[in-house]
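Before I ask anything, here is the structure I am working with.
Going in written order, the chains are labelled A, B, C and D, and every chain counts its residues from 1.
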Amino acid sequence: MSTIGENLPRAPAIKERLSNGRLIPYLLVGPTILVVFLVTIGPLLWSLWLSFTRWKPGSIAFQNPEFTGVENFVWLVTNERFIASVVNFAYYGGVGVLLQVALGTLLALALYNHVENRVLRVGLLTLFTVPMMYAPLVAGRIWQLLFLPGGGVVNGLLGTVGLTGVGWLNSRWLGLTSIMIADTWQWVGLPLLIVYGGRASLSESMYEAARVDGASRWMTFRRITFPQLRNLIVIAGLLRFMDAYKFFDKLFIMTGGGPGTATELPTYFAYLVGFQNFNIGQAAALTWVLGLGSVVTLFLFWRYMSTVQGGTN
Amino acid sequence: MPSSSTEYGQGEREGEELPHGMSRRQYVKYFGAGGLAAGLSSVAGCLGGNESVTGDGGDGSGGSGDDGQKNIANPRDDTAFEGTTLRWTTDNSAGPLYSMFGPKISEESGVSFNEGKVLPPDNYYSSLNSQFIGGEVPYDIVLLVPLYLGDFQSRDLFEPLDKYLNNYQGMQEYLDSIIGPYKEFYMNYNGDTVALPIDGDIHNLFYRPSYFEDQQHKQQYQSEYGQELRVPKTWPEFNQVAKYFTENTENGVYGTQVFGARPWNFGWFMDRAASRGVIYFDENMEPQINSEDGVRALEHMVESAKYAPPNTAQLGIEETINQWQQGNVVMSPWWIDLSEFTARGDFAATGDQGSAAIPGWEQDDGSIRRNAMILYNRLFAIPASLPEEKKRAAFYAIMRLSHPDISMFATADPYTGLDPFLEEHYTDEAARQYTKPNPLRETGEGFPKNPPIFGSFEQARQHLDAGQTNMENGFPQPNWPGASQYVEDFAIHVQRAVAGQETPKQALDNVAEKWRTTVDELGRESQTQAYQQFIEKAREFGYVE
Amino acid sequence: MTGVTIENLRKEYGSIVATNDVSLDIADGELAVLVGPSGCGKTTTLRSIAGLETPTDGTIAFGDADVTNDPPQDRDISMVFQNLALYPHMTTFDNIAFPLQAENNASEAEIREAVESIARDLDCEDFLDQRVVELSGGQQQRVALARALVREPEVFLMDEPFSDLDELLKRKLRSEVVRLQHEREITMVHVTHDQEEAITMGDRLVVMNGGDVVQMGDPDTVFNEPAELFVAQFIGSPQINRFDCTLERTSGETTLRNGDLDFSLSDDLAASLDGAGGEEIALCVRPQHFSWAERAPENESDGNGSDGDGSNGELSVPVTVEVIEKIGTEDVVRCRGPNGSEVLAVVASGTLDEGAEGYLRAEGANAHLFDGYDEHAERLN
Amino acid sequence: MAAADRTSAVSLLGKGFLLVYALFAAFPIYWTLNTALKPLGSINTFPPTLYPESLDLSSFTWVLMNSRAAGSIIDSLIIASGTTVLSVLLGSLAGYAFSRYGDAVGGEDVSFWLLSTRMFPPIAIVLPMFFVFGWFNLQDTHLGLIILYLTFNLPLTTWLMRDFFDKIPYSFEEAAYVDGYSPFAAFRKVVFPLVRPGLIATTMLAWVFAWNEFIFAFIIAGNDVAPYTTIIPTLVLSNQILWNRIMAMAVVVTIPPTLILIAFRRHIVEGMTLGVTEL
């Protein structure tokens, strides 16, 4: 036995490995992986388990987690509020992100093409991006103030042109749209920055070539600018879309999901199920569905990034 | 401070002799007999009498800060709770209480208060609940709302207070003066007194006299509807007047407003529904909310929303106050303190507001049946998990705040949002207090000024009279365990109906459907039992037939 | 096709003057090469012709039509850019088709036909469907040429498109461009800093320096009769040998003295110095015009320099060979002259060894004399 | 000539669009300030008062002097700074390892997988953490939130630092090794100075994210610790929305991130777009 053992190559002692540096990468990465396991992966796995249980602590109904199989998921897909919130998510995530990206792209190009003065350009760029640095909650509060039904400045200004009584936050689609406006105000900077950066990296002589080739502005945009920025625009859209899964703060402060449950988005619904009804099992199921959705989006994003990068190399 | 220590001398000895409150004999007497007697007396008191069954303490109508104290005994001496700091939480309205009256209580007893925690009003229950779940209750005094009392108390979160009540003199008199429904529906859980009231909510109808007295409006209304323009007495008349003012006033002024935000919007529906005889469940826990009368009531509320500012389905406490202050609405059914908020500043509605009975429905005999919601209602409770010392200190604090010596001024202060809950609070003396600054406080954080609420005694009296009328024709909110779940679904669908997303019928049918599920989920048997108690009491008070 | 006339073109960028006062007349079907060191204004001139720059002053006309203020879209031009400026996201086909599609009046079939035809001419057929970013440098070059040529414009512009290519490819493409230009009789303006390229390609060279045109003419003229000292030094490879001399006239004999070196000039040359503004004369001899001699000319009396005899007017410089660079059938020899200066000569391959001592001799007729040492010094002979 | 006209028309259109949007973007910021400077009585009036008639600084005084408001800002500072220090420290180490020893530690896959945890809705994490924190008494503590904020900041800092390290060619370190420097010295003398701007940007960004966080704080914090985001929804005193104070608070709490954006714009942008773009 011992002879066999001695003939095998022995794993180098830790000290040895340290001295020739092979452990260093693991020592560097280790703490981060450990922390992520403790504060993220671990809790998520626990919540995955909870999603298969019925657990309503703090309610008069249930006290301890009770395994119920896929009951919570069945509840979820048959739940009218959840389905409505997914539809809202589709509207907010679809139209809202499209709006942000389209507006951001137009602003970026207008800024790049039509503002020659550098100071002015940097100033506008800063103005358009500074709301991104605000807490979403604060941005939501600001827009709630603007949208106040009576005495709110938006309705006040509309009143001076004879348009009164717009209930900005008082219906499903207008409410979601109002939130979308606030969110666009805050986040248009992200697609703007990405597109602006992309446009700045395009070769100027290519545009000169297009002019020499006789291309109109529209053709230049359609055939040259847009195709080359398309990847970045998609990336910006995906980045914003991933945030839509997490959208909470503005909704919380601006409509609270109301009227009724009209403007609820899945995360907000998850919060209510989890922390208002203390239906932890159901909330866990809901958040896992959401989490998987956003990870799938991220994966698409990743794949897209790799093909884009692969394509240009 | 020195003088009060001698006054409280008696109680101190009593407390020492009975470290855990009182003897068994006393306990049985006060708990068994007192509880029931108090209930009966309250009914009587509420209906106008001012009798006291036990009658063992001085003057029943007394409540002025100076002489009211003599009925209350300090447990030991003025430094009994020296070094004890109480941690408290409230919703926003009761926030300034501690800074207004805390110094006085500290002076009396040595107890002090921490900075406190104000929880967001729209999420008060869940914020509170999440803190209770996480482990120990991080507060010594918790502001409660009866809607959640059953939920919490089914988990025995709060300490029964009867033994502490018996530690002090004059408590029976104090308990007896608490207006009946508050005491019977909101303070008790399974026969225990688990909370003391700090607020007594009732809905009033508020209106702007300048509009109703305007000659041109009077004439125009007369010619349009063939009726006299007056503060409406019935709900159909209410909508007619609301419609008239919406159509015939300048931009931005509406006939009324509908409180649409969750969860309290259901109260505005019940204002209209209870007076049509609508109840939550029948004896077998079958939802009654979607009865034909219920649907008619909600249809009425949805119509009212047409004569209200935009977003009305989303408007909550602060927003509706704001609309009223800014003079954007001519009439508003609201909690009794709506007109108090205008005293905080120079608003359009300041000085131009009247109170009246909540409208009702005309009965076959020509009489009008009205039921105003007894909604929200703040109470103080003490977590059961506290050490005894803390509980005693905390009890002293909440008892003092609730006691007329302080609550007389708290309810008449425009910066508290607290409403009459004792019989004393409806007396002429109380009305006079509404015309004076609060003598128990200076200005401070959260109460920058100290104005009187009303300019004249007549105004104050009218305000309180309206409140008393409504109080006598009230209707209680759900309070049994699980109430918060019922109300959540209730509020969602009422809001949807007001926002036009569901027809009133659909909305109420949906509520009923959800409620059936909830009953099963929470346990049909225990729910039926709990609701029986509720409905029986409601019958005693004559709220249901 | 049309000619291009530029009159008094001036372009300033702020305080920087890119072109000072450029006037040019390029004939219809001519291949003009703008050549000069970087910063001489040649690219600005070209971009002005393209309409990519708006002149500060002056006019540009295509034939009789003044196009000075027309944007590039409205000028009938094609251009090959220095970095090619291909559209990286498009295929070869799309790149070539792009200018035709911009015109908006050709059918898809016509476009396809035109693209395929020019692709055949330029050997691009094999990669028509590939994205241009996947092509090699030479292939990309062809695509750029094809894109420019597909439309048969009035004026064809090229901005140093060959500068990044390897030598072989460069030569090949140059000749192809010239062939196409001749075949199609295109008016072409080509910009380069490479004088060799300029000489091999151009019908006419336009030598520019410091924002001005300093000489215009066919390559031979520019090579053999550089108008300014700058041109003499800029054109020709290896670079021309320059001797900064002082003029001495003694009793009918004219001598140019460069340190210890004296050049006695023939009568013809001496006569050309009459117009000289001062004593400072730059004498230049192209390395190609030197020939090797083992010994000094016969009438050499002292070893101090070439003693140009008035009658044969030959110039000679005593040198030591230091370095020999082989360039195919010829060698460039770098020699050390009497004053330590470097003198270059081109001789038949293998004739000399390093360390050899002897004389470099040139006929007087091959000397270029300039009025002063300044680069603007004008030619005297 | 026609084309030139078209060009200027398009340019005019572009400038007009920018002007309109600039007004739209600036107005809420202006209105925040305007509201903060008004007395409560002249807020929400009809028609709106477009500028404060007199400057009422009392709201700002309140934000800076009131113990609850100022205390919440201090709480936010403590938590944001604590979590930033931790996440930047750990994230830089891991980011360096991912960049330099990519294959040994799983390379892009692991770092991507780390980043993907950031994409889970925070509610998914706070739901179980709520109970875990209950057991460990971490609820309502600075440390609790500092730890919780690592869930979104650590993946971010790791990812960004990896990106920034990737941009420094490895040959720089190789050159330093050849010149006789130890790995540590090479890092300190060559890599660190080059990565410093990126490190600063990462730090600032992590700080801003933590500073602005709401949902974790809302659910986990309570009595003793209350970051400013949890205060803003409750600045409703005795049934009156104190818009002037809320907006004064908004002005105060947006100053640090605004200054950070202005000061570190170029690198911040790279971080905000997860390294997709540079300006």
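As a convention for this text, a contact is a pair of C-beta atoms (placed from the backbone, for glycine too) under 8 Å apart; a residue touches a chain by one contact, two chains touch by 3 or more.
Source: prediction; values computed, not measured.
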item: Of A-D and A-C, whichever chain pair has more C-beta contact pairs; value: A-D
item: Farthest-lying chain, centroid of Cα atoms versus that of chain C; value: B
item: Whole-Å gap separating chain A and chain D, where each centre is the average of the chain's CA atoms; value: 15
item: Distance between chain centroids, defined by C-alpha means - chain A, chain C (Å); value: 59
item: Where chain A and chain B are represented by their mean Cα positions, the distance between them in whole Å; value: 42
item: Set of chain A residues in contact with two or more other chains; value: 57, 148, 150-151, 159, 275
item: Shared-contact residues (touching 2 or more other chains) in chain B; value: 122, 130, 133, 251-252, 319, 322, 326, 328
item: Contacts with 2+ other chains: residues of chain C; value: 71, 73
item: Contacting residues of chain A [partner chain C, same complex]; value: 203, 205-206, 208-216, 219, 223-224, 227-228, 312
item: Of chain B, residues touching chain A in the complex; value: 122-123, 125-126, 129-130, 132-133, 150-151, 154-155, 251-252, 260-262, 309-315, 319, 322-323, 326, 328, 481-482, 485, 488, 492-493, 495-496, 498-502, 521-523
item: Parts of chain A lying in touch with chain B, wherever the complex brings them together; value: 57-61, 148-151, 155, 159, 164-172, 175, 255-256, 258-262, 275-278
item: Chain B contact footprint on chain D (complex, rising order); value: 39-41, 44-46, 66-68, 71, 130-131, 133-135, 137, 139-140, 219, 222-224, 226, 233-234, 236-241
item: Residue ranges of chain A in contact with chain D within the complex; value: 21-22, 24-26, 28-29, 31-33, 35-36, 39-41, 43-44, 46-47, 50, 57, 103, 106-107, 109-111, 113-115, 122, 124-139, 141-143, 145-146, 148, 150-153, 156-157, 159-160, 185, 188, 190, 193-194, 196-198, 200, 217, 232, 235-236, 239, 242, 245-246, 248-249, 252-253, 266-267, 270-271, 274-275, 280, 283-284, 287-288, 290-291, 294-295, 297-299, 302
